[in-house]
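What follows is a pair of complexes built around chain A, which joins chain B in one and chain C in the other.
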Partner chain A sequence: MREKMLNIGNKKWFSAVFWILLLLIIWEISAIVVANTKRIPENILPHLYQIIMAAFSGEKVSGELSASQAVLTSAGQTLLRGFLGFILGGVIGFVFALLMKMSNLLGKMLFPYLMLIQLIPVLGLAPIILSITGDINVSRVVIAAILSFYPVATNTLYGFKSVEKEKYDLMYIYAAKKHEIYQKVLIPAAMPYFFIGLKIAAPMAVTASILVDTLQGDGGLGCLLSQSLKHAMSIYTFWLIVFFSAFIGIIISKIIGLIETAVSPWKRRP
Partner chain B sequence: MSEERNIEIKTRQLGVTFKDNEGKDVAALTGVNLEIYKGEFITLLGPSGCGKTTLLRCIADLQKPSEGDVHIQGMTPKEVRLQKKFGFVFQQPVLFDWRTVKKNVELPMEIMGYSKGERSDRAMEMLEMVGLKDFANHYPNQLSGGMQQRANIARAFGLDPDILLMDEPFSALDEFTKEKLHEDLVRIWKATNKTILFVTHNIQEGVFLSDRVCVLSPHPGRLSAIVDIDIERPRPVEVKESTHFNELVTKVRNSFEGGSV
Partner chain C sequence: MEDKVVLKKMGRRKKLRERIRENPKWQKASTVILPLIFGIILVGLWQGQVLHRLFHTDTFTLPLLDKIGSIMADNKEKLLENTFSTLQVSLMGLVIGSILGYLMALLASFFPKFGQGGLAVIGAFASIPVVAMAPVFNNWTKDISRDASFRSMISKTIVVMLICAADMGLNAYKGLTNLKPYALDLMAIYASSRKKIFFKLRLPNSIPYVFSALKVSVPASIMTAIVSEYFAEYITGVGRQIRENIVLAQYSTAWAYIATACLIGIFAYAILMILQSIFLKRYH
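Coming up: the complex of A and B.
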């Protein structure tokens, strides 16, 4: 049994290494191909070692800041807004799902609007939200919240609806009160779905935050991203941001996974 | 003998009508007159569509009758339910994944407002009774199907209900587990002196467990016979090979009406 588990562990590790190696090879081949097309002023798809070197180079790319310093400074702003929006969206999403479960009528009334909000592209939404809130920072938090809200609300609602009839029957037999049914059955049953919603929402909140930066300027990763592309400030900075964002996305989803395991001991393998 | 015993549950001309997809009335159950004595083990037996589960649900107040009525200890099913005198065991264990086995057993007691210590003691007592004491802190997904159903039974007994309603509780289990649980259920029933209503479509199971078997026939669902099972208790498993047991099985089988099912 133990040997078998070790084996599975090895396989997982092996496949991770395999995919990373494959990705590196494809990247490098592409970099050579793109370099041969002689793009100016700099290669749009640099070699990986160039990006890594840029990350550790002290050369000033943005005012007094080196590439890594610039990325980290901007990332702080963007991630803070994304994070605030994510928390706000998560909380409101959960509350909305609860309200829609509690009242069928409310659910039927609200759902089309939720869909509608989701259908408006962020690019269209950003100026509207900015004009409503009047504050560039607040508007970015709100946009991140709107984007996180939807997956959390729909998944949590789905979780509430996944509770089998027998569980209601059982609670009925025991003459449980409505709040007891919510507290003891519906909310715990919806938790795994709530976490799925959070996992979908987190990268969306970060991506939205970056995207809105590029539109509205005034600092942030997205701002730096568009600068590095437009002025060819440094193509390496551009790629640093891309990698950094992907890395943050993975870290966030891991953290949410850890929180989920911490609050749901029954999901741990025996 | 029946005259001297207390009647616990009484149905009078009980009928349930459902509407089918085209809006036509379909009689799921008609004219059921049944008296169940206190402390009796009674089986509702029949093929699917005979209304046995519907009858059980009417008694449990999970289904409103279209005609006739049910009296339990002189009260309506709703009054009995609100006094939390029912235990119900479904075909599926209906355990809560996020609660340990012990916490699952404690759930009805939480709703009843038992104190924490009382809940814990009683839950452990129930788990010992069904042989799950060592698994108290396991989660349902760590248990086999048979063990999950044991936990379910422990939970149903936890509130010390007067009446235990069981809806095909063992039909999803393998033969070996089922036999073991039959033995345990009868032992617990004898020790606690509950009235048990047991729904099944398995004739042998009904005959082996019960004091009386109520045979229901379909189209429309109705009570077509009540067969007394006069096999002495305790009943060892070998009883199933005896001539008398097989005579009773045949008698029950011949009580079905409506031909091919």
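Coming up: the complex of A and C.
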């Protein structure tokens, strides 16, 4: 029996579960404290069961929709565009890094700017992009694409540059053609870096598309967020959005991890 | 690669273009000249309003560069004041967060069984969008102080702190545990104590990882500070001013703040690079 307990303790997932449970317990204890001391506890820290109940209650919060329906429909609007931008930015970023690797001139010309663009707070540009494009859906896509573009581009480029000289030498001995070098050496070497870039980009793309919503009262998750913060609807809607977007952020990076193992056979080796 | 070139070109005179390309002086100069050319083209396109035609916009939404510059010069004091508030938040968050993250990595490396799971949970924090965290901490800090500017600052700092802590924790843990092969064996042969292994091997090994964490978290801390300013109660900071000015349709002032935000980012990164070259001297 004791051995069995120890075995469970050694499992990798066990410690993650332990920490999550610990966080939940801390949350609940603080919720009890808050409930006893504050005037409007649900603004600060509601009990978790209250949030879950709000998710499943059929009470209408805006028009015909219940809280979770409202969150999900507006999430669809916001996140689909964000996702489109994310994919677009990821693809452009990869192609861009590839071009910079292939052409010496282009690589040298653009490298410092690739470094500079990281330091520009693109989310600060969100209102400007909105006023340039004029359409909230287009600007969601554009901002998510810009935000996903540069982590992917820089990381992929690092990946291309990380290939050792010996590998080039070997390919030269094999009399490999240029496209074969790219296909067999450079692109596989850059793959892990490419996925790191995607993982950095994903939560930023979600943030960006929600943030763009708050700029214009035109529906969407961010709009719902600011409405519920102003108590235009139940405050639990706000908590639902918080948990939902956190969940989306975590799930996306997990999915990217899964895709990474699927496309990189060397990662599956035990 | 050098050998290959020599083999190919033997017995044939090189063309002028190739000779220029292989000249080491040109190679060095080109890393400066080529980006400069691109920059000049970009500025030319902007000032010549070609960019405006490209994006179907006007000089009102996308003001010319000299206009942005003159507005920055006119509003120097206000710009500095807001820059200070943003810098304060991002720097405090960065420092406290990075120290916390490193301590967590230390704990995790001492107790790997429980630490790894903890780090996984913290890594999950990093993928929570800032927009979800900022309003929560706004609510939590409502009772800290009566002064709206102070409690806003605290809530913004906490958000920055969490982002930086997650980043630093994950990287530093890699640095403390990803040792060179046989390094631990060598230390065992020297019969060194756990303390010695830690100070002579693990700690120095983690320093490059600390800098690679900072390379992500310095720009991220500024970006996070700017986004959490959007949600803060007290109106201050570069990010908030961008938004306020856009709402008032004062696009050129908003652009002045955007330019300031870029300058902050560039300066912070430059300082980090200088620090890195000092600290990582012995690693090269």
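Assume the second predicted complex is superposed on the first by the 237 of 270 C-alpha atoms of A that agree within 3 Å, B and C clash if a C-alpha of one lies under 4 Å from a C-alpha of the other, contacts with A are read in each partner's own complex, and residues count from 1 in each chain.
Note that in this section a contact is a pair of C-beta atoms (placed from the backbone, for glycine too) under 8 Å apart; a residue touches a chain by one contact, two chains touch by 3 or more.
Quick caveat: nothing in here was measured; it's all calculated off a predicted structure.
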item	value
Chain B versus chain C as contact partner of A:Glu180, first or second or both or neither	first
Chain B versus chain C as contact partner of A:Leu110, first or second or both or neither	second
Contacts of A:Phe18 with chain B and chain C, given as first, second, both or neither	second
First, second, both or neither for A:Met191, with chain B first and chain C second	first
Greater chain A contact set [chain C / chain B]	C
Partner chain in contact with A:Tyr172 - chain B first, chain C second, else both or neither	both
Chain B and chain C contact sites that coincide on chain A, given as residue numbers	172
Residues on chain A engaged by chain C in the complex (per definition of touch)	9-10, 12-20, 23, 38, 43-45, 104-105, 108-113, 115-116, 118-125, 127-128, 131-132, 165, 168, 172, 199-200, 202-204, 206-207, 210-211, 214-215, 222, 225, 229, 238, 241-243, 245-246, 248-250, 252-253
Contacting residues of chain C [partner chain A, same complex]	1, 4, 21, 30-31, 34-35, 37-39, 55-57, 61-62, 113-118, 120-121, 124, 126-133, 135-136, 139-140, 142-143, 216, 219, 222-223, 226-227, 230, 238-239, 242-243, 246, 251, 254-255, 257-258, 261-262, 265-266, 268-269
Contacting residues of chain A [partner chain B, same complex]	164, 166-167, 169-177, 180, 184-185, 188-189, 191, 264-266, 270
Footprint of chain A on chain B - complex, ascending	60-62, 81-82, 84, 86-88, 90, 92, 94, 96-99, 107-108, 110-112, 138-142, 159
